Amino acid sequence: MKSQIVTFLIQCPDQKGLVAKITNFFFEKGFNILSCQQYVNSIENTYFMRIRLNADGTILSKKELESSFLELSTPLHFKWSVHYSDKKQQVAILVSHTSHNLYDLLERYKEGNLNCTVKMIISNHEKLKPIADMFQVPFYYIPVIANDKSKQEKQLMELLDSHQIDLIILARYMQILSADFINAYPEKIINIHHSFLPAFQGANPYLRAYERGVKLIGATAHYATEDLDEGPIIEQDVKPVTHESTPTTLKKIGADIEKLVLARAVNNHLNHQIIVSGNRAIVFPETGE
Amino acid sequence: MKSQIVTFLIQCPDQKGLVAKITNFFFEKGFNILSCQQYVNSIENTYFMRIRLNADGTILSKKELESSFLELSTPLHFKWSVHYSDKKQQVAILVSHTSHNLYDLLERYKEGNLNCTVKMIISNHEKLKPIADMFQVPFYYIPVIANDKSKQEKQLMELLDSHQIDLIILARYMQILSADFINAYPEKIINIHHSFLPAFQGANPYLRAYERGVKLIGATAHYATEDLDEGPIIEQDVKPVTHESTPTTLKKIGADIEKLVLARAVNNHLNHQIIVSGNRAIVFPETGE
Amino acid sequence: MKSQIVTFLIQCPDQKGLVAKITNFFFEKGFNILSCQQYVNSIENTYFMRIRLNADGTILSKKELESSFLELSTPLHFKWSVHYSDKKQQVAILVSHTSHNLYDLLERYKEGNLNCTVKMIISNHEKLKPIADMFQVPFYYIPVIANDKSKQEKQLMELLDSHQIDLIILARYMQILSADFINAYPEKIINIHHSFLPAFQGANPYLRAYERGVKLIGATAHYATEDLDEGPIIEQDVKPVTHESTPTTLKKIGADIEKLVLARAVNNHLNHQIIVSGNRAIVFPETGE
Amino acid sequence: MKSQIVTFLIQCPDQKGLVAKITNFFFEKGFNILSCQQYVNSIENTYFMRIRLNADGTILSKKELESSFLELSTPLHFKWSVHYSDKKQQVAILVSHTSHNLYDLLERYKEGNLNCTVKMIISNHEKLKPIADMFQVPFYYIPVIANDKSKQEKQLMELLDSHQIDLIILARYMQILSADFINAYPEKIINIHHSFLPAFQGANPYLRAYERGVKLIGATAHYATEDLDEGPIIEQDVKPVTHESTPTTLKKIGADIEKLVLARAVNNHLNHQIIVSGNRAIVFPETGE
């Protein structure tokens, strides 16, 4: 295997000797273990590992690695995935009218701080095309015509699949996606919601935050699931506010939180730091990589 | 008026010249204005002022001050209250089984950091009596017998009223109070709820926070109203948590937030920094007093 | 005066009746007081006011307003300034190699969230010209030749003055400016330093933060003064970090803090929320404007 | 070994196969690995592990475990320590006049949230004896007489050693301890400093924070070393403040930060989460234990 980093994400029923068995396996195959992070859920008695390997010392091919790992994992009932650093992920960003998250993501991308290729920006409006042009990323305008969403979603899926998109970022995309669409990309769609979920699910969170008189506002990045705003939470953050804030100023204050929260969640996903278990996202911290 | 600080809390329809008229009034009466904080709600077109006065320079009595202020305020449709620093507020703390908020409040009281007299601790259980004894504060055990809450509430009210209690602190008091009780003490009951409201209203917020997989937990201090956990929010804070947290560890982490949030809210109330308007609490910052 | 907002910033020795006298003055002149924020420094016995006025109701010209305010202010020993909303401030951004603050400021500007005109970007390197071009802001390359800084500073000043620049933002500008330059623009130069001052003044704060093993890193925006990193602090923020962070990852984490801190400080300045007293910056909160 | 948790803290030069070798060792000895946390410092090429074991499945005695681990560790150049849950640590708290940290620690102790035995409170003043009495912890008054510190320190050491104290907490103890004293308890003395070090080392940090006009204040818990306020940092936190704060209000605001920071640091130490390397403290997060 040519010089690269290999990351395994593993979950299985907890049992004695797991870390020894797994780390031995990679040690014997000639890998150098860069980091090995674990989490034991003692309530559900489940075990989770993220292990990062330097492949310089191994003679195995990807195929050989995966088939021999399968032998180890099957009797132990692993649910696992493997990720190779030589494979850059393909990302699509979906937007509508709001631009701050798009600007932020593209700036980080341009700066070399998003480990992916942003293949396209897709929108149901033309408004943000100039930003895509500024950053020289292809922009696709796919409107919802005559409220026929299914038709538009079909176009979306054709476009995404024709480019083998690995991650779909809903950067304030203001259309509700159908269950069919969502389920076609399990754990591959990250949405930013502009409240600290589960508070203020649904529409107009800042207005409702104002009306409720909360003393902090926030944002939540989560994987999209059939149930709107109910998916596994990846990242959340908040900022204190006072009675002085109007719904308009809350929106401005919130924009900065939304940018940070979505960018962190996307990075966690691109670095393969996340394992989803039920409705909870296990997010392992970065290990200085 | 003997040397003291006078604080007026005022709300009224917004109109031209308010600050000039009010500050003039006090200036001409010989008061020195220590601080004058305002808030204009441009959505509801309402005006709010907190003004703190040094009374050394005035010859007015409290009675004279209030009657002459009434002349100013009536045509301007003020809703107002006045508070004198020589009148220490009488506080009752209600608890059940959980002790961390009680410890925290009593420590601050003992340290001279709560501007009030803690007249009593009341509980529907005997468990926390030793803490009351440690801090030498009278402890009243008023259990709910045969689920007859109304009877217990009657006893509570008699006790509170016989001591002219100005502020009731629900420091993790685990009984739901009746509308009659709540309405007998408008804006005089502060409750701590162990979640960042409106998320996780009701019971077991930490368990539900674990189940939802949120990445931050929090606490909210609010005035108690008929609608449980729906009253005006005074203070909120949160702390980041990770997937490692169990409902038990969330409880521990949360305890520190609950202590800070309740203590801040109580101080804001005791310093007369709060004006309630509808379901929103205008909380003016401390002014170095 | 045609419809606009007028903001006065006032500091003077504390004395009785100030707020009444000042608010009366504006009331009688027909102004509507939108907000009136004060701060009394009881240690130095000084008084500070920021008062925002709606000029619709007045018949005064700017000239008349200022001359009649002078009559009020002189006997009271005011140090004051007045700012009119119809006068957009002219801003210059100085940069070197680091781009994240520049991106962030230009994005906010483009989004209409910086109340100013960004007239130019100036750099001692050509590296960031493409970003200036993306956002269509004039870029001036003024290198330091043969280490003759005075020559380069002279060019800078000519350029800045020929465009009547009101605010100079040092967005990671990596040249130390001379006292002559600094003193030519008192309280008109905002610098971002990538540490929570006074910790890690001077060079390489992230490396030194790593070496010291701090558990949080931060950024500080301050007015530039002769003494490097010693000027009045406008804004600071921090983020927790762990032992996992290398100087390189600290730099990345810090970039997000630097962006928020500089943007907030610049907004505070552009909204005339700041009064400098000695080496301390009084920063009044935004009042929902 | 009777049912208990065993925690190993290991540091050594980084090398291939470490995690496999170590986890195998414990697996083969019949231990169940509860958690295994690692950190690789790629700059100094050093490796750190905290591994927690359930000893139910082993037949080894402590002696046997340690001697056989020695065989593994010597060729790999481990610096290591082992900690058994059946051994409660003995703690001494040193104080002077300031009481908030003492109250906080004793409350947590009383609540069962400090995994240790608080054997004694020692002070160079009698002022805080009543608090020790409230919580029924032995109080020792050891004043500094005729400025003869060495004499007082000798008394301190005799007292600490006669009770086999494992951890000394300087909870605002206002005497500078000699190098001899400090070096007698390496990594066994935790001090709380009331600033975000390295800012405001030395005396009166809050006064200097006021004078510098910082926008946040903080606290730092660190291991005491010969160089005052220079020891490895365990925990830090900050809180935003405004120009309104006086040195007095900063002290009040800071007290809450000091309490949280010291308590967290003490818990990290008592849970054996910390490995010190040079002047940096590697603090592994709690693992839901």
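We just call them A, B, C and D in the order they show up, numbering each chain from 1.
In this text, a residue touches a chain if its C-beta (ideal position, glycine included) is under 8 Å from a C-beta of that chain, and two chains touch if they have at least 3 such contacts.
By chain, UniProt protein names: A, B, C, D = Formyltetrahydrofolate deformylase.
Since the structure is predicted, the reported quantities are computational estimates derived from the model, not experimental observations.
Look at the CA centroids: the one farthest from the centroid of chain A belongs to B.
By number of C-beta pairs in contact, A-D leads when A-D and A-C are compared. A separation of 42 Å divides the Cα centre of chain C from that of chain D.
In this assembly, the C-alpha centroid of chain A lies 37 Å from the C-alpha centroid of chain C. Listed for chain A are residues 39, 42, 242, 244, 246, 285, 287-288, each touching two or more other chains. Residues of chain B touching chain C in their complex: 16-20, 23-24, 26-27, 32-36, 38-40, 42, 57, 287-288. Those residues of chain B that touch chain D in the shared complex are 99-100, 103-104, 107, 110-111, 113, 134-135, 242, 244-246, 249, 252, 256, 260, 285-288. Those residues of chain A lying in contact with chain B across their complex are 39, 42-43, 196-200, 211-216, 218, 232-238, 240, 242-244, 246, 279-283, 285.
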